[in-house]
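What follows is a pair of complexes built around subunit A, which joins subunit B in one and subunit C in the other.
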Partner chain A sequence: MGLVADARAATRILAVWRTSGRPTAAMIRLELSSTLTTLAPYAVVAVAAALAAFVLQNDLHRVQEDGLLVIGDPFAVSLYGGVLLLSVYVAASAAMAVAREREHGTVELLAYGPVSAFSYQLAKFTSHVLQYAFLLVLLLGAYLLLAARTGLHLRPTALLAMALSIGPAAAATALSLLVAALVRRVRPTILSVLGLAFGAVGLQVAGDVLARLPAPEFHVNPVQVLRWAAFTGSSITQWLLPFGYVDRVLSVTLRGDLTGAFGAAVAACAYAVVVLILAAAALDRTGLRR
Partner chain B sequence: MNRALFAVLLALLLLSAGTARSQVPVKERQFVYGINAFAWAGYAGSLSAKPSHTIYVLAGHRSMVSPRETLVYFWPITGEYRADWSGLNASVPGTLEVWKSGRAAAVLARQMYVLQYPNGPDSEPAVLYVGEEAERRYRAFVDARERYRDAQVRYLEARGRYLEALDKAVAARQHGAPVTLPSPPEEPPPFRLFSSEVHDGFLIDLPPGQYTIRVRGSDGQVIAGSQRSLVAFTHRREAVGFTIVPQTRWTVPERADEPSSTIYARRDQILYFQPFAAREYSDLAYARLANPQSAEGRSDAWRWEYTQSLAGTQLQVAGGSGVEAIPGRPYRVEQKTGEALGYEVIEPPAGQPADFAGFKVRVQGTMSLVLLDPNGRPVPGSERIVRVPHLRTAWPLGIIPLLPLTLGAAVVAWRREQFRHASRPREG
Partner chain C sequence: MAEPVLRTEQLTKRYDGLVAVSDLEVDVQPGEIYGFLGPNGAGKTTTLLMVLGILKPTAGRIYLWGRPLEDEPLAVKRRIGVVGEHDYIHDHVTADEYLRFFANLYGVPNPAGRIPMLLERLGLLEFQTLRARDFSRGMKQKLSLARALLHEPELLLLDEPVSGLDPHGIVTVRHLLLELNRSGVTIFISSHLLSEVEQTAHRVGIMHRGRLIRQDTIPALRGLLPSDPTLDVELQAPVPHLEVQVLKLPVVRQAHVNGRRLVVTVAAGADHRGAISQAVAAAGGVIVGMQMHEPSLEEAFLTLTDAAVERWVS
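Here is the complex of A and B:
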């Protein structure tokens, strides 16, 4: 009896793989080959590497001039910038892929085959997360070359932070797929994704800058009001939007708090799964067809 | 007409400016807490007035809060409420109730206290004496101050007599008479001890946690406006922090507080390491410890505070040339004379005071440092790495970012070639 049940289960899995797994895998391959054979992702890595080179050159200049530099991780700032840049690029790229295919009607063709909204979104999600991982490897290569050339140490925690940043990048990709499923058209989709990314990061930067400005405590002061607004907005977007997860994962990992780092990465992955399901549901509701 | 209007406006403007200059702050009689909170740089005196703010104290350390009535005014320059203690400084009788999670944690009785600074005012360490000890210490301070004043008077009299004798001796020598010069009087050693007056207040020494405090008056009623939130906070981490003084830039030392921080320096650079026991606190809590009204400090940031110097130990340096234990020594900074301005750090000649004490390290490649305790064991949290970066590398750094771009261009070219290759048979 048991053998028969096992055989039935295996047959069912095989059937599911044939009907939706294979098309999904094919879509992932297609998406990867089309995105990684353009110049844009390499240009983004080049910009991230240029940012690192600029920061490290500045550090070397300080050692040269002052004779001394005490720093926790010379790559920390570059890592923040680089990971954020790659996350925003991959998120925007995923949103653009879905929105463009919907606008051009390509998705409509897929709907006649064995492709569900979920498998379509899953394919887009997986291909873009894999793309992020590939770009991360390229960026790591650039960082290793910079570290070897400058003598400024790339710490193991920085490598771990890069690996764990896949979680927040996946969350950002899932959110962009949700936006693409809801908005439909290419330009508003891209603007929405970029608006969310720069809004979240901008609020955080504004909060940091305003926190450093002196302001009287008791009298109503514009700095105080702005600081409060930025802090409140930032503390909401830190959890609602995935770009806050990038900051959380990196800062905790670079501090050496491995438990907190894995916790933040797992939270980002959970966010990605939930939002991906929402994105599939949204696409199902708004329709694969034009 | 216009000229008359202009004159009237100018007069009004000048009058209003005069009024603004002569404005005095409006003072309000209020219940306040005078706070002397323990901090590692000395006791921080502050005020908790209305609108009330949370009072922060270091857990496990003795701080004083003193309920008083005073005149409170807003000082717009610093944006803080201040007390006019000279106008009114009345003690509020009663007991202090400390509540935690809705339960009374302690009922404290009023005690006398005094703060003394053995090395002079505003210098470390500050010592808090409470109860009878406070009054005894204050009397001892007053006695010692009077003895110093008497000794100073005696010294000045003796010096007057000495100068007089010196003048007479000079005059006698001018007349050719044999002269024996008088010996100068010895000046009394400087009096450094400083003490506050004896005040009364409540001694706060609580474990970490959030509390509520309030004063219950002698009539059994809680005094209106006396309730405050109080946070007793403690450190997150302990480590050894270093102040690093480069020989060429001794006026601008760097701090290496974070145990994971790396020290980058030029080869052959001489660095002086000054170790301190350090504790990491919440930035916001520590800022509010010094001043509950402070708008500084961030809830998501941390800061290292030095608790004591660890100069009396050894620094072990391990590098390419082996392992060496460097003893701490006193050093003196001398300004270079002549056109080549700058400083020189030297070991002080006998009898000359030192400017600082530290461990002298000459940077030679990658080195690992660790502070040794008196038993020769490494002190946890004192490990640091010193590295020498490759300087003068401007142009290769600019090339590295071009590599991914080159790879991308190669991939695009390959893809086009593949496409062209695949589309050729169809064309044929």
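Here is the complex of A and C:
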């Protein structure tokens, strides 16, 4: 009986692989080969590495001038910038891929065959998350070179933060796929994804700046009101938008709070799964036709 | 009777008040070539997209191999090859890369052997490393057909398969379709090119304004026509009073002489060329050429659609 059940289970797995797994794997391979053979992802890594070089050089310059610089992690700022840049790039790239293929009609061609809206979105999601991981390795190589060149130490927590940032990047990719499914056209899709990313980051930066401003002692204090508005907006986007998860994962990891870091990464992954399912449902609902 | 490969049951699609397809009941039998005819905007492509699950019907059901489409859409689509309305080929890919991707997608065994074989059959082998941007419309159409045949489908759904092809290409594709059909592949051709469907299809469904106005064999559709076949006879020299002699034959409906040319309308249902030849010879004429003109599917189509329009208007 056990053998029969095992054989049935194996047959079912094989059938699922044939109907959904194989087409998804084929689409992932195609997406990876077409995106990684272009210049854009390497240009983004180069920009992130240049940003890190600029920040480190600036730090070293201050050390030379002041004789002392107290800094928790010399790569922290570079890491924030690099991870955010890569996340936004991968998210925008995924959104553009879906919107462009929809506008061109390729999605319809895929739907003639054994490709569902879910397997299509899953392929786009997986290929872009893998692309992010690959670009992260390249960025790590650049950081190691900079560490060797400047003599500054790349701490293990920074390495862990980079690894855990895959969760928030996956969440950002899933959200961009949802946007692409809802918006349909290439240009509005890209503008929406970039608007969400920079809007969320801008709100957070504005909150930080306002928090540092001295509040004038008026009866109705405008700085307090703005601070409150920025804080409220930022608190909402921190949970609703994936770019908040990037900040959370990095800050918690760099502080050395490993439990919090893994928790934030898991939350980001859960967000990614839920939003990916919504993205597939949205694509199914809005239709595969251009 | 065997289970139809494709069957629709009161299939309907409405877009914001516009009825694209209305209560469509089509059945495609195993091993047949079914021509789905209709002018542009008749609802043919909408029907195909619903059969493929790309458009959701407003009402009605679709059965493929006896099972509702929604039961196992992906498994069913593995058994179908499709050439759609548009080719959707990225300009930067080569024919070989394009087919290799779809071979992976469908899990085609031995793509290295199958791809060149199909490309050769469609006259594209020498262009396999050429990028799609350098392909003509006809070449892209053939490439789409190669893609549709990669996984050896049991049912082929073709939307205007010969559009954009040159006469040589049309003959190549026609022969290929007939050969596939002989090997057991069921073929559903949606087209507005009546002459093309006439030469390949066993049965035809005629769509007009979202409705199936007729579904029958081609001879049966021709039989609906009021007009009889005509014989165009070329004579060596004019023969006086020839039409009087010819009109004496009971099968002749009308006869008209214009110099060395005699045009005779005869009763449908039999070949009357022998009787006409004898009558001409008896009148002293010498025939140098004779052509029979039967009412085409095009005429049947126009008669049917005009009648349908009149019915709806009244």
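Annotations for the structure displayed:
Just so we're on the same page, the second predicted complex is superposed on the first by the 287 of 290 C-alpha atoms of A that agree within 3 Å, B and C clash if a C-alpha of one lies under 4 Å from a C-alpha of the other, contacts with A are read in each partner's own complex, and residues count from 1 in each chain.
The criterion applied here is as follows: a contact is a pair of C-beta atoms (placed from the backbone, for glycine too) under 8 Å apart; a residue touches a chain by one contact, two chains touch by 3 or more.
All values reported here derive from a predicted model rather than from experimental measurement.
Once the two complexes are overlaid on the shared chain, A:106 sits against subunit C while remaining clear of subunit B. Of the two partner chains placed by the overlay, neither subunit B nor subunit C lies in contact with A:79.
By the touch criterion defined above, A:46 lies against subunit B but remains apart from subunit C after alignment on the C-alpha atoms of chain A. Look at A:249: by the touch rule set out above, it reaches neither subunit B nor subunit C. Of the two partner chains placed around the shared chain by superposition, subunit C is the only one that A:26 touches, whereas subunit B remains out of contact. With both complexes placed on chain A, subunit A has more residues touched by B than by the other of subunit B and subunit C. Contacts of A:115 after superposition: subunit C is touched, whereas subunit B is not reached.
When the two structures are aligned on the shared chain, A:59 is found in touch with subunit B, with no touch to subunit C.
Contacts of subunit A with subunit B, set against its contacts with subunit C after fitting on chain A, share not one residue.
Those residues of subunit C whose C-beta lies close enough to touch subunit A in the complex are 49, 52-55, 72-75, 77-78, 80, 82, 84, 86, 88, 90, 101-102, 104-107.
The part of subunit B that touches subunit A in the complex is made up of residues 51, 53, 74, 76, 78-81, 244, 246, 248-249, 252, 254-256, 258, 260-266, 269, 271, 293-296, 298, 385, 387-394, 396-398, 400-405, 407-409, 411-412, 414-415. In the complex of the two chains, the subunit A residues touching subunit B come out as 36-39, 41-43, 45-47, 49-50, 52-53, 56-57, 59-60, 63-64, 66-74, 138-139, 141-142, 145-146, 149-153, 155, 157, 211, 214-219, 221, 224, 256.
For subunit A in complex with subunit C, the touching residues are 15, 18-20, 22-23, 25-27, 29-30, 104-106, 108-116, 287-289.
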